[in-house]
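Dropping the structures in below, format is C-alpha cells.
Across the two complexes that follow, subunit A remains constant while its partner is subunit B and subsequently subunit C.
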Partner chain A sequence: MRGEHELMGVHEGLGRYRALIPVAVLVALLAVPALPLRLPGLFDGPLNSPGNLQLLAVGFALGIAALSYNLLFGYTGVLSFGHALFFGAGVYLPTIALRKWRWDLGPALAFTLLAGVLLALAVGALALRTKGVYFAMVTLAFAQAGAVLVGKDPGGLTGGEEGLSLPTRPLPRWMVGVVNTDNLYWLTLAVLIAVYLLALRLITSPAGHVWQGIRENEGRVELLGLRPYLFKLLAFVISGALATVAGIVYLFLLSGANPRAVSADFTVTLLLMVIIGGSGSLWGPVAGALLYHYLNVRLTVWAGTPAVAGLPAILGQPLRDPLFIFGIVFILLVLFFPRGLAGAFAGRRLRPLARALGGTVPAREPRPRGEI
Partner chain B sequence: MSTFILIALTGLALAAMYFLLAAGLSLIFGLMDVLNFAHGAFFTWGAYAAWWTIGQVSPGARGSTGGFLLALLVAPLVGAALAAAVEVGLLRRLYARPIYQVLVTLGVGLALSQLTSVIWRPDARPFPQPAWLAATSTVLGARVPNNRFLLIGAAVVVLAGMLLFLRKTRYGLVVRAGAENREMVQALGIDVDRAFTVVFALGGALAGLGGLFGAAYFGAIDPHLGSVNLIFAFIVVVIGGLGSIGGSALAAVIIGLAQQFGNYYTTWAGDFVVVLLLAVVLLVRPRGLLGAKH
Partner chain C sequence: MTAILETQGLGLRFGGATIVDDVSLSVPEGLFVSIIGPNGAGKTSFFNLLSGLYRPSAGRVFLRGADVTALPPHARVRRGLGRSFQLTTIFPGLSTLENARLAAQAARPGNFALWRGAARDRAALDRAAAALATVGLRGREGVPAGSLAHGDKRKLELALLLCTEPAVLLLDEPTAGVSAEEVPVMLDVIRRIRREEGKTILMVEHKMDVVHDLSDRVAVLANGALVAYDTPDAVMADPFVRSAYLGVA
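What follows is the complex of A and B.
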C-alpha cells in the first residue's frame, strides 16, 4: 500500500493500537442490548429497548446485503441491478416453505440457500454474456421478472401486494416475540461478522485479486490467460448467495415478507448505501447501510415533531418523503464525495482508523470502471 | 376476432409508448454512452405537466380539446427542459467517469420522480382527457379507445421524424458520426458538447410526450408511472440493439404485442414472456436484433 511507512510514522500512536479498534467496535456492538443508555433526539427511549435494537439489527441485515452487493460492484467492477432478486429469494422462499408447504426450519433454510445459489448461477451465466450497460439493463429485467412474479401472486403463493407473514410455529422459541429482540440482534450481528470475515478472506484470496484486476482492466486479465467470465460469475454467485443470507436474517427481524424486498427500488437502495459508505472498502457499505436505515426511519419521525410541523410546507414536505432527500444526497455524494464515508476516513487523519477496520483503503478514487 | 383486434391494437399502443421512451434512451446511449436512469422521471414529469396543463385550462373530470392540445406542447417542453438542465448541470461534469454518470442519472431519477410525490402527494390521480379521446371507435367489431390510435399515430410520426433527422439533417450527421467516433468529430472542429445537449433534450422531449400519451393510455398518473415503464423500455432497447432507432421500433412492437397477448391469458404471463424473449435474444444474438457489432 502506497505510503505505508510514512503513515505509520505519522500515526505511530494510533497505529500501534489499530488492531484494537475493530475489537472495540465489536465489543460495543455486542454490549448494546445490555446498555440502558439514553441518547435523546437520536434514539427514542433507552438504547437497548426492543425498538432501538430492532432498528440497529435491521441496519445490520441491510449491511450484509450492501456488503454482498459491494463484492460485485466495488471489488469486481460489475454494476448489477438485479441484486434484489437474491435478497428477495432469502425473504420469500423460507416464508413460503414454512407457511405454505409446512416445512421445518432447517430444510426450509437449506432449500433457500440452494435456490439462491442456483438462481444466481442461472441469472449470472446468462446476463454475464453481456457487458456494461447491457448487463445493467439485463439484470434489471430479470429482477423485474421476480418482482412481477411476487406481485401477481401466482397460486396464492406470495400474498401479492400484501406480502406474507412468517408463521411462528416452526421457529425456535428464542426467536419469537418482542422480548427476544436482543437474541435476534445478536444473531444478526453474528451473521454480519461471519459474512464480513468471509468477504475479507475472499478479497485477499487469489480469486479476489483477479476480481480487482477485472475491475481495473478486464482486457489485461484476459491477456494473462484467465477467463474473466468465470471469475465474474463466481463473484456474482457468491454475492447473490450472501444476499440470500441477508434476506433470511431480514425476514427473521421483520417476521414477514414484503414485495418491496424484490423491487428494483431495493437494489437502488443498496447502491445508495454502498455509495454513502464508499465502494472501496468492506466496512464502508455496512456503515452506509446503518446510516441509511437510521435516517430512513428517523427522518419520518423528525418530520412529525412540532418543530418541523411548524415549517412552511416547502421545507416540511420533503422531510416526509425520505426518498426525495436520498435522491438529492445520492447526487451530491456522486458529485463531491464519490468515495463515501470510507473515502473520508481514508483522508490523512483517519486513514489508520479505516485500515484498522479492515478495509482496503482506496488510494485513489475507487474505480469500478471496467464496466460501463 | 374482435378480441384479437382489441388486444392487437392495445399492444401496438403499448408498443408506441415504449418506443417513445426507448427511442430517446437509445439515441442518448448511441451518442453519449450514457445509460439514462432519469428517463423515467422525464416521462413522469411529462405526464404531470400534461395533467396540470389540462387542469388549468379546463378544471373538471373531462379535459377540453384546447387543454389537451396545449398539453401536447407543454409535456415535451418540460421533458426537454429537465433533460437539458440535467445534461448541462450534472452530466457534463462527469464525462471522464462513466459509471458515475449512470449513478447521477439514478439519483436524478429518484429525486425528480419523488418530487412529484412531494408536490402533488403520492396518490394516483385520474387523467382528464377530452371526450373524443376517451371514446371508443369500432374496428372490425372491436371497440377500441381513440387514445390508442393517437398514441400509435404519434409514434409513427416520431419514428419517421427521427429517421429524417438522423439521415437528412446536418445535426443528424453529427450525431451519427459522434456515435461512431467522438474524438474524430471533435477534431474536425464540431461542437460535440452542444450535440450532446441537443440529443439529451430531444430524448427528454420524447419521454415527456410519452408521459402525456402514457397518462391517456392508463387513464391515471402517479409518481411511479415512469420508472415502471422505463424497465420495459430498457428491455426494448436491448432487444432492438443499442443505438438503433429502427431496432427499437421493431422490438417495441414485438414486446408490446407479446405483453398484451400474454396478459390476456393470465394476469402475469405477459411480463414473463417479455423477460423470456429478452433471455432468448441474449443467448442467440447478444447485440440485439438490429444492433451494430461493437
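What follows is the complex of A and C.
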C-alpha cells in the first residue's frame, strides 16, 4: 500500500489536470478531419485523407460494438457468443428496409432499433435460463441461425454471400460519397461519444453496480435478495441494442451489408478487441477495437510492400498473411498485458490518466487465471 | 414467545439417501440457537433448506408465520432471512465498502434504476459504513475485499448480512478457518450484532465452548434427525447427546 501512496504523490501534479485528458483526446479526435497532419509510416498520406478518416471511423464503429460487448462480458461477467446477431441486425435491417421495402431513413432506423431490442429480449430471455458454457452455446446457436438465414438469402432479401449495397437515394446528401467522409467520421465519433457517456452512466447506476456484483459472485447477489436473471437480461438487452447502433453506423461507413457482420467470427473478433483493450474499463475495448482494425488494415498493406515480397518464401509467406502477424501481436499483448491496454495503463504510473478517462480503476485483484 | 422461524416435518432425500429427516424446529424471536452434530449430520443441508437453496422432499418452512417453502432464495431474503456460508461468499473484486454498499442497496427499492448514480444514495452508504463499524472493519473501506485477511472476509460477510436488514441470521460456522487469536474477536462481533441489532440467530458451530457461551438453545442433529433441542446445559447433560456426539461414555 505504501508504494501506491508514493506513486500518487509523484503524480499529484498530473492529478490536477486529470479531468482535462479526455477533453484533450476528444478535441484532437474531433479536429482530425481539419488537420492535414502527416504521420509517415503510420498512415499513408495526410491523416485527414478520406482513406485514413474511413480507417479511423470504422475503428470507432467497431469500438462501439466492443464497448457494448464489454457491458455484458466485462461488467456483468456474461460471456455471449451471439453478439454478432445484434450487430448484424443493425447492418442488415436498414439495408433491407431502404432497398427492398423502399422505406425512408427515419422509419427504417426506428424499426431497426426496435427490432434490435426485441431480438435481444427474446434471445436473452431464453438463453439466460442457462449459465456458463451452456449459455455461450445457446447464444452461438441463435447467432448461427441468423448467419444461416442471411446466407440462404430468403426471398432475395439479404443478398446471400454477395451481401447487399445500401441505396444512396434515401440518405441525406451530406452522408453520400467519398468527399463526405469527414461528415461520416464526425457522425461515428459523435455516436461513440454518446454511447460512451451512456455506458458510463449505466455502470455507475444502481443496476450497473448489481451487474458488477453478479460478475464477482452471482450466488451472493441472489442471497442479497435480488434476482440475477432480471439484471442479466437488462444488461443483455442494453448491450444488444447498442450493438445494433454500432451496426447502423458501420453500415453507413461501408455503404453495404456483408454476411461477415453476422458471423460467429465477428463475435470472436469483438472478444479479441475487448481482451486486447482490457475488460476492466469502458475505454479499453474502444482502444482495442481501434488497434485491431488498424493492424488488420495496415498489416495487409505492409504485407504487399516490396520489402516483404522480396523475402524468401519461408519467411515471406507467413509474413504476407496479416493474421499471422496479428496472432503474434495478440500473444505478446496477452502475455505482457494480461489485463489489456487499460490494465497496463491503470496498473502503474498512468493510473491517474486511466481514471481521468473514466475507466473504473477498480479496487480489484487480477482475475484468477482461466476465469474467462 | 412467537416463532419467527419454524419448520414442520422438513425432509431432504437425494436418491435413496436421507439427508434431513423429519425435522420440526421452532425458533422464538430474539433467541440464539446453535445447531450441532457430527460431520454429515445434515446441518448445512438444513440451512440450505431454510434459505431455499434446496427444495425439501417433505415438510414446510415458515418465516414470521408465512409459508415460504415454495419461495426462491432471493424472495426469502426479502422477507428477512440472511445467510452466511461456511466458505465465505463476498464480492472479491469490489472494495470492502462497495461490498457492503451493494448489500444495503439491494435491501432498498430502486435497484433497477439506470439513470442516477448509485453512490448518491446516502442512506445505503451510511448503512454500509455502520455495518462495517459493527463488525470492526472501519478503516478497511477502500481495500479490495479479495485481499482482506481471512478473518476480515468472514466479518465482511457478516456486514453484508446486516446490510440486508434480516430478522433472522443463519450463520454457517462463522469461525471456520479463522485463526485462534481471531476467534474471540469474531465472537465479539457476533455478540455485538445480537446486542445492538437484536437479531434472531441460528448458528452451525463445532466449537463446544463457543456454542455453550453464546446460545440460548442448542439443537442437535444426528443422521439428519433432530435428536435434542434444549438449553445448552440440558443438552450437554443429555446422555444420548453425550454418547452420540460429545464422545463421552
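In this text, the second predicted complex is superposed on the first by the 338 of 372 C-alpha atoms of A that agree within 3 Å, B and C clash if a C-alpha of one lies under 4 Å from a C-alpha of the other, contacts with A are read in each partner's own complex, and residues count from 1 in each chain.
The working rule: a residue touches a chain if its C-beta (ideal position, glycine included) is under 8 Å from a C-beta of that chain, and two chains touch if they have at least 3 such contacts.
Source: prediction; values computed, not measured.
Undergrad: Quick one: classify A:217 as touching subunit B (first), subunit C (second), both or neither.
TA: After superposing on A, A:217 lies in contact with subunit C but is clear of subunit B.
Undergrad: Mind working out whether A:226 is in touch with subunit B, subunit C, both or neither, as first, second, both or neither?
TA: A:226 sits against subunit C, while subunit B stays out of touch.
Undergrad: Touching A:209, do we find subunit B (first), subunit C (second), both, or neither?
TA: It touches subunit C, and subunit B stays clear.
Undergrad: Using the superposition on chain A described above, determine whether A:201 touches subunit B (first), subunit C (second), both, or neither.
TA: After superposing on A, A:201 lies in contact with subunit C but is clear of subunit B.
Undergrad: Quick check on the superposed pair: does A:234 touch subunit B, subunit C, both, or neither? Answer first, second, both or neither.
TA: second
Undergrad: With both structures placed on chain A, which of the two partners, subunit B or subunit C, ends up touching more residues of subunit A?
TA: B
Undergrad: Determine where on subunit A the residues touched by subunit B overlap those touched by subunit C, and list them.
TA: After superposing on chain A, subunit A residues 365 contact both subunit B and subunit C.
Undergrad: Which residues of subunit B touch subunit A once you look at their complex with the stated criterion?
TA: Going through subunit B, the ones touching subunit A are 29, 33, 35, 90, 93-94, 97-100, 102-104, 106-112, 114-115, 117-119, 227, 231, 234-235, 237-238, 242, 267-268, 271-272, 274-275, 278-279, 282-283, 286.
Undergrad: In the complex of these two chains, what residues of subunit A are touching subunit C?
TA: For subunit A paired with subunit C, touching residues are 201-202, 204-210, 212-213, 215-217, 219-227, 230-231, 234, 362-365, 367.
Undergrad: Note which residues of subunit A are touching subunit B in the complex, please.
TA: Counting only subunit A, the residues touching subunit B are 79, 126-127, 129-130, 133-134, 136-138, 140-142, 144-145, 148-149, 152, 154, 264-265, 268, 271, 275, 317-318, 321, 323-324, 326-331, 334-335, 338, 365, 368-369, 371-372.
Undergrad: How about subunit C: which of its residues touch subunit A in the complex?
TA: It is residues 51, 72-75, 77-78, 82-83, 89-95, 98, 101-103, 105-107, 110-119, 121, 142-144, 146-147, 160, 164 of subunit C that touch subunit A.
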